[in-house]
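Both complexes below contain chain A, partnered by chain B and then by chain C.
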Partner chain A sequence: MASTQHHPSHVLLSPAELAYLHDSLLLVPPIRPDGRGPNDFRPLVAETGILPGANGSARICFADGTEAIAGVKAEVERTARRAGDDTVFLEEGGGEAGDEREEDGEDGEAGPGALGEASGRKGERKGEAAWVELTVEIPGVRDDDSGTVFVAAMLSEALLADGELVRRLWINRRFHWKLYIDIILISPPLSYPLPLLSLTTHLALLATRLPRLKSEGDEDPFFDDDWAAAPYLFPRSPSRGRPAARPPITLLVMAVGNNILFDPSKEELAVADVALAVSVTSGASQAGPGGNAADASGPSQRSLRLLSIRTIDPPSRLTPPGVANAANAAYGAANLNNLGSSAQQQKAAEARTAETEAVEGVWRAPRGGASRAVLAALVGKVLEKGGVVDEVLDALEAVDLG
Partner chain B sequence: MPIKIFAPKPPRPLHRPSSHHDTSSSDSGSDSESDAGGGAHLDADGDIPMTSQRRVRLDLATTTSDAGIVTPGELITSDPQWMRGHGTYVPASTTSIVSSVAGTVTRTNKLLSVRPLRARYTPEVGDLVVGRIVEVQAKRWRVDVGSTQLAALPLSAINLPGGILRKRTETDELQIRTFFAEGDLLVAEVQQLFADGGAVLHTRSLKYGKLRNGVFVAVSGMGGGGGVVRSRRQVWTMDGAHGAGPIDVVLGVNGYVWISRHVDAPEPDKAAGLHNMEESVSATVYSSQNDRIDVATMREIARLRGVVTALVENGLRVDEDMVVRGYQEAVEQALLAEEGIEDVYLGGDKGRRLAAALTGAA
Partner chain C sequence: MTDRRRINGPPGETIPPFFDDADRAPETAKGRFRPSNAIRKMFLKTGVTPSASGSAYLEISTSAKPGASGLKLSCSVHGPRSLPRSAPFSPHLVLTTHVKYAPFATRQRRGYLRDSSERDLSVHLETALRGAIIADRWPKSGVDIIVSILEGDQERETSRSQGDEVWEMMNALSGCITVAAAALADAGIDCVDTVAGGVAALVQDTDGDESQPSIVLDPVPSEHAKILAACCVAYLPTRDEVTNLWFRGDVPASDMELYNSLVEKGIQASRNANRVLVGCLTESVGEGDTS
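Presenting the complex of A and B:
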């Protein structure tokens, strides 16, 4: 688990504010500072196709002013020939040099992919993680800042986890598309930017079109000039006009007590007991890639698949504790004359004991890990049938991809 | 509905068709007078009302963009008859006036100034501000008040607990964090200004001090039009609806707003006199422990916070009148809404409806 303590989303709040926020979020139902329901997202403004020079682009703006742009550019690249490529059809698995270089995320796909290859040439389409290059730029933060690197790693991990995206980049055995995904946060990071960047990337990938291939087989690729004929990277199903498969999304979910909150703002994250970044994909899931993936079939023929879970170190752990009135040297007129006297040392000893026990209305940073029940509830809530993720995907589908 | 995604709004037309300029010359005299009074609104067409200065208008027509917004470095006029005001400068060895900020041009008689779209708070002596401690030094705190620089709060400019009056000692300096530590919010007054615009604060009154029992919302950075404006009353107590207790609202001139449960001052002992009352009131001033707050009050505090953010998002000014009326309107709308009074969300559509109701009634 990487730490994000130096991330600019770290906020400075007074102990009294933290205590108030925590108390109001603990209520059933919780009262969020901006009045949203626990499952509600902040309203978004979204558009696609804003960068004329990119294969696909999107812009999303939160009501609080955080705004991100994602652009996707594709280049044809020669696929590196790997030792053992020619023998791979004759013998599968078994310590081939090529197989050892497979990405971890594709392990789950190795089984069905191998079967497909054995049965016919169509099944040999598989990609490598290196075919997608993702960069994140956050203003006022260095490129190699740990927070930015962590966010970029989480985003690309979700994109590469099921190998679906890279498989679409396959042109033929000698060439593939190389995808450059550039994500820029335009505004200063007013909240933890991961969900915003993920939604923007999702929209940009949905809007991405690649030129139509005219050449056949393994010859040098040759493309159609007509941009109008260019197919989408994630093609629409002809019946519903909606993409059959979709790129994954990463959502930020947090818990305070037993309350589960979606799309937490910066203040809410500052009192979180636990915060998770959960990556989910949907669509016609192929053969269930056993292991850590859980299946849940959605109501509208949508099946949600869990791709990855990352715990985010909530900034709440770094917040200073409040001082109870009983231990406060500057509280009450009675303490006045004790300043600097021996009574004060006694008071300091009391303060140490007071810190270990909870006093109502005094902020204490959460300690220790999250309980398993809360973590399970968080993941269960995300994968719920007809739940929040379904609604988010429906809303994203409704965005005009122009 | 957990999520709502909207299409972007088309850019708001700030500029009417150019034929309007020729007909507006008769009434623009009153426009410039309202500007001179410090009115926060633009002219109807968002442009400078020009009367007889044909040359200037030609100049402006050729140099400024159609949207009526000038950007830093953009030439406003090269006519020497104009005086430069805020947000402009005259480059060396020229007579032309150039904008130094992004904003809209306003004219007051012969004075041209640019009202910035976004601005930081400029402190003035006597302003009531809400600030957050960001740095603790040996004899003073540095306070973020949304200005270009951190304000200073000297140790000598605070009330000691109990209202005791004495010289600050080394003991006080060692214990400086027991009064205010990093992150603490406080309400204070600007006592004096440095030449570079930095402010020195003081909390030497029972009205000022550390803040607790509530929520903070920043509406700073608002340029012309919206945001908190200096007004007669920046602090007031209002009654919460639906069984909530009284609620305190502190509108810092710097755009930092504090909304909290009202805490009754302890009953002063009649015989004790003024000094003792000060003592008993200021005993709790450095507490960072919240009182018990009931659910109804918390909900109405969240509703008030929603009102303030809705006002800001819709470009309305934030003052006592608007907040009180907006809150009443929000309570009424909640009574009629199908979600019931428990729903205090005022973003997006609801905020727009609230703003429309407020401006329609005005």
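Presenting the complex of A and C:
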């Protein structure tokens, strides 16, 4: 029951309003209640570095008043040793480990060349999913509520899917950074909060800096206490001062009929046929070796990678159905007894069709799933070159990371 | 004076035995023993819990490798029954799903309280089933669907399979969907179709980059060197619709073909599972007629 209370379906729209909204979203082009185009995001205000006590932080405020803060804190943690891992590093000489450390130093500076070099040894640096801990708090909802857990699982799934983030947390073979990402929705959830939380996390991770490592090899880590020298977790390319690799973002996209709408509001989700959350990242490995070329030719050269897709249970399935005239007592369904038997049968047949077949202008919660073609179109639209993802990433790049 | 009332531990410290198995052949993926387009055999039976209004039990055969166990799931459906008086009005059947691993089901013990991965699974299951149920035939009522995972789909002996939990979750979800659909049918709750789960994965069979990744149905993580991407699909065969899609992995966005064929294979796996489901349901209907 708890899940139904905060459920986004509890927009108080009548069946008639839902039918109207659904029909206007079915038009070509769709008419959205707030006048946006199908690919437009709601305008947003973003800033980073707002929490002095965190390694990285961000705040995003959507125009509809939803607002979220994300803070990233890092702690050094000893890497658990497992039987079966190569646990020989205690016997190993320092020389080899030292060489490796020097390479890592270059990696930290993140010249495009260093990235290419680093990719050769990537197999060696391996992170674990447990190194990132993500919590989401949504006001008015218990933090073990399944909806909140689902959102948190989706966000961390995107962060962990390609293993790129945890690889960056590797310090040496004995220690790693443990990253705590805490996301708080400040406002009540006026719409499905997933895109907001994802974008906030993205910015917070971009702004995250970890202290510069001074120790070498596998010795106990020792850090530079000059915060100004701390490198970014996602280092920027020197030519443009922008991050070369970026953390993933998760977008919410829904379909009504064959129309595909991005960043749906709560009211639009209430009439969705299908809603998907799609996580994408802009490829770091491809951008690395040819970093300069990619920088010169602009953001359209970004190579996107698909990380995860989840179906969101569209709240439209919980909306109250409208009653067609044929089945409505006020319009003659109650007068069946007064009619002749043939007319009675016909009326009864009409009442049956009202239950099974859609009547125009009468809202009925969608049944069944989404066809394959629609699902493929949704994902294709997200991954389109020069599409919405590029737009969003461009917009986020413009945010000053302080 | 020794304490004789209790059974005490040894007085000194002990060192747990550590077996040096360096001379044994290194643990490698054992390979797949069935064709890439076949799912493992499964056993499904409805009506196993008399006190529930509908129930089902699903067992997926173990792989050929000894020490790896198959998935064993039991599902019970309680309801439809009227909502408590305190609950707000609902024009639909209120679906509550509950997925729980038994504490002994996996290599690492699970607590009695549901952890976040189990809650996550129940949301996935709810999404998959909500599309199949005709919920507006039961206003003001609720149904509880409880799936217990008695035995997880895990390899017991090695420490090799680090990070496989995610892929095992997908296998568990597809089992949950199939068994819950059988239990729903057993409870006589109207559905548009029987929904079944299927998993397909993009795997690499040998370590190293030279081998070409291939797509297999119903992947067992211990049988493959590396799983690159996987998707779990809940599919309604007669309507040709997907009620739940869960994809995870790392696929270049330019390669939509790869993604689409992965989903297609997931649907194929789901069709195979659905055949077992329909067979089981017709069988139980036949039994009902004779008795």
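Convention: the second predicted complex is superposed on the first by the 314 of 402 C-alpha atoms of A that agree within 3 Å, B and C clash if a C-alpha of one lies under 4 Å from a C-alpha of the other, contacts with A are read in each partner's own complex, and residues count from 1 in each chain.
In this section, a contact is a pair of C-beta atoms (placed from the backbone, for glycine too) under 8 Å apart; a residue touches a chain by one contact, two chains touch by 3 or more.
All values reported here derive from a predicted model rather than from experimental measurement.
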item: When chain B and chain C are modelled together on chain A, clash or fit; value: fit
item: Touched partner set for A:I184, first chain B, second chain C, both or neither; value: neither
item: Chain B versus chain C as contact partner of A:L213, first or second or both or neither; value: neither
item: Partner chain(s) touched by A:A245 [first = chain B, second = chain C, both, neither]; value: neither
item: Chain B versus chain C as contact partner of A:L27, first or second or both or neither; value: first
item: First (chain B), second (chain C), both or neither touched by A:A365; value: second
item: First, second, both or neither for A:P320, with chain B first and chain C second; value: both
item: Which of chain B and chain C A:A377 touches, first, second, both or neither; value: neither
item: Contacts of A:A63 with chain B and chain C, given as first, second, both or neither; value: first
item: Closest approach of chain C to chain B (Cα atoms, Å); value: 7
item: Chain B and chain C contact sites that coincide on chain A, given as residue numbers; value: 319-320
item: Residues of chain A that touch chain B when the two form their complex; value: 12-17, 19-21, 23-24, 27, 29, 31-37, 39-47, 59, 61, 63, 262, 319-320, 322-325, 328-333, 335-336, 339-340, 359-363, 388, 391-392, 395-396, 398-400
item: Chain A contact footprint on chain C (complex, rising order); value: 18, 27, 87-88, 90-92, 94, 96, 116-117, 119-120, 122-124, 126-127, 130-132, 134-136, 158-160, 162-163, 166, 192-193, 231, 234-236, 239-254, 256, 259-260, 263, 267
item: Residues of chain A defined as touching chain C within the complex; value: 1, 4-5, 82-85, 128-129, 144, 146-147, 149-150, 152-153, 157, 161-163, 276, 280, 283, 303-313, 317-321, 364-365, 367-372, 375-376, 379-380, 383, 385
item: Partner chain A, residues of chain B touching it in the complex; value: 1-9, 132, 134, 160-162, 164, 171, 175, 178-179, 181-185, 210-217, 279-280, 283-284, 286-293, 295, 298-299, 302-303, 305-306, 309, 313, 342-348
